[in-house]
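Order of writing sets the chain letters: A, B, C and D. Residues in each chain are counted from 1.
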């Protein structure tokens, strides 16, 4: 199976090798991002995470984001896979790979595709702590801004979000 | 040998696996850059490259740049290896790896460390073309700006440099 | 008419189940289904205002008319990666 | 005094060899060594103005005094990656 055909939402451990198997002779730059499970969040010790997704919609949206980011940043290859299920500390939740002729585009596209997937794709992260409790990580509203009845301001539910990772471009 | 102890200038093919072997439970973000040999440059078909370096100085400077970038961008791990010798199309000339608690730092540090190594470390790239000719890729002057007698304006020898990859921060 | 709602992420904490069936008067829209769910409590109603809704693999607006047998996916704020 | 110069990258195209030995009148500085090399041609002299110089694994300035036996590394503009 070509990397381009992979399901973007996977319950098995993610393989970087599989994702970069197809080299490109016309690309001088390869950038990779791996988002891995940290052993703490806001000073609370984390035991493991459980990711869930609306898999068909998430798969479709990730492919759309890949195409959109590749076109905008003139990247040749742009690819993201996200894992669901239970993940231990150090495991990869998300892998993103970009190939571009030059490095400036590869850096920009990598950052853009990871941010877009984190902010727009129906995936949820529940953290399980050492004391036995758990909590969903507060995230981004994906209802369209002009969808009557949906909260449009603030667009993101940030009240309890102290995750510095969660930095928006706006 | 721990990845931290690797020689930064290597004549054998670079191994990404070796460079990311030591995971970090406190880091949520891993970013990787690979600069690979393209099959063309300015529309000229490239057959192979030869990289040369002032190895002792280059090794020392890469380690300094790693420390400097890690401190500035609060990255936990920052590591670069550069290959020398003859490289075929698709082979990696440079690998950079950054680990940081959060992705914003990991993206910024990756870009910064790659740019710094490309602009400041005594490494030279000679391209060999299909017609049998060769040329050194024009680069950046690394003499100190106030070193009397050294060309200080322009600081970089850009007259014949159409490599879009070669984008300076200034 | 009967509408099935699949609850993703933290919305399940408020419904207590992955699937909820709603009985609505016709004609009804996605907004009506959300309003009915919101009767379960203020905190949930607040979360519902931050939810997107999908049918199949398409995001739909709150103005979309519903038909018997529609299955809605309730998508609260996302946090991948 | 005799000074050895190791030529890196494209500088070798102008000297025709990796190592060049220069005989300079004392006292002499790095700048004097570069001036002597620059006598080989205008194009090389221009490249020399864009060169850094190292002794061992230290970059040195053009004002650095030279001693017999010093080995200079001639470092033209770099292009790694």
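Criterion: contacts are C-beta pairs under 8 Å (C-beta built on N, C-alpha and C of every residue); 3 or more make two chains touch, one makes a residue touch a chain.
Because the structure is a prediction, the values reported are computed rather than measured.
Using the contact threshold fixed earlier, the set of chains in contact with both chain B and chain D is empty. Taking the mean of C-alpha positions as each chain's centre, the chain lying farthest from the centre of chain A is D.
Averaged C-alpha coordinates give centres for chain A and chain D that are 51 Å from one another.
In terms of their C-alpha centroids, the spacing between chain A and chain C amounts to 24 Å. Chain C and chain D have centres, each the mean of its CA atoms, that are 74 Å apart. In chain B, 35, 103, 114, 165 are the positions where the chain touches two or more neighbouring chains simultaneously. Each of residues 81 in chain C touches at least two other chains. Chain pairs that touch one another: A-B, A-C, B-D. Within the complex, the chain B residues that touch chain A are 23-40, 89-90, 101-104, 106-107, 110-111, 114, 163-165, 167. Of all residues in chain A, only 35, 51-54, 56-60, 82, 93-94, 114, 117-126, 136-144, 147-151, 156-157, 165-166 touch chain C in the complex they form.
Residue ranges on chain D touching chain B, taken from their complex, read 8-10, 13, 31, 34, 49-54, 56-59, 61-63, 73, 75-81.
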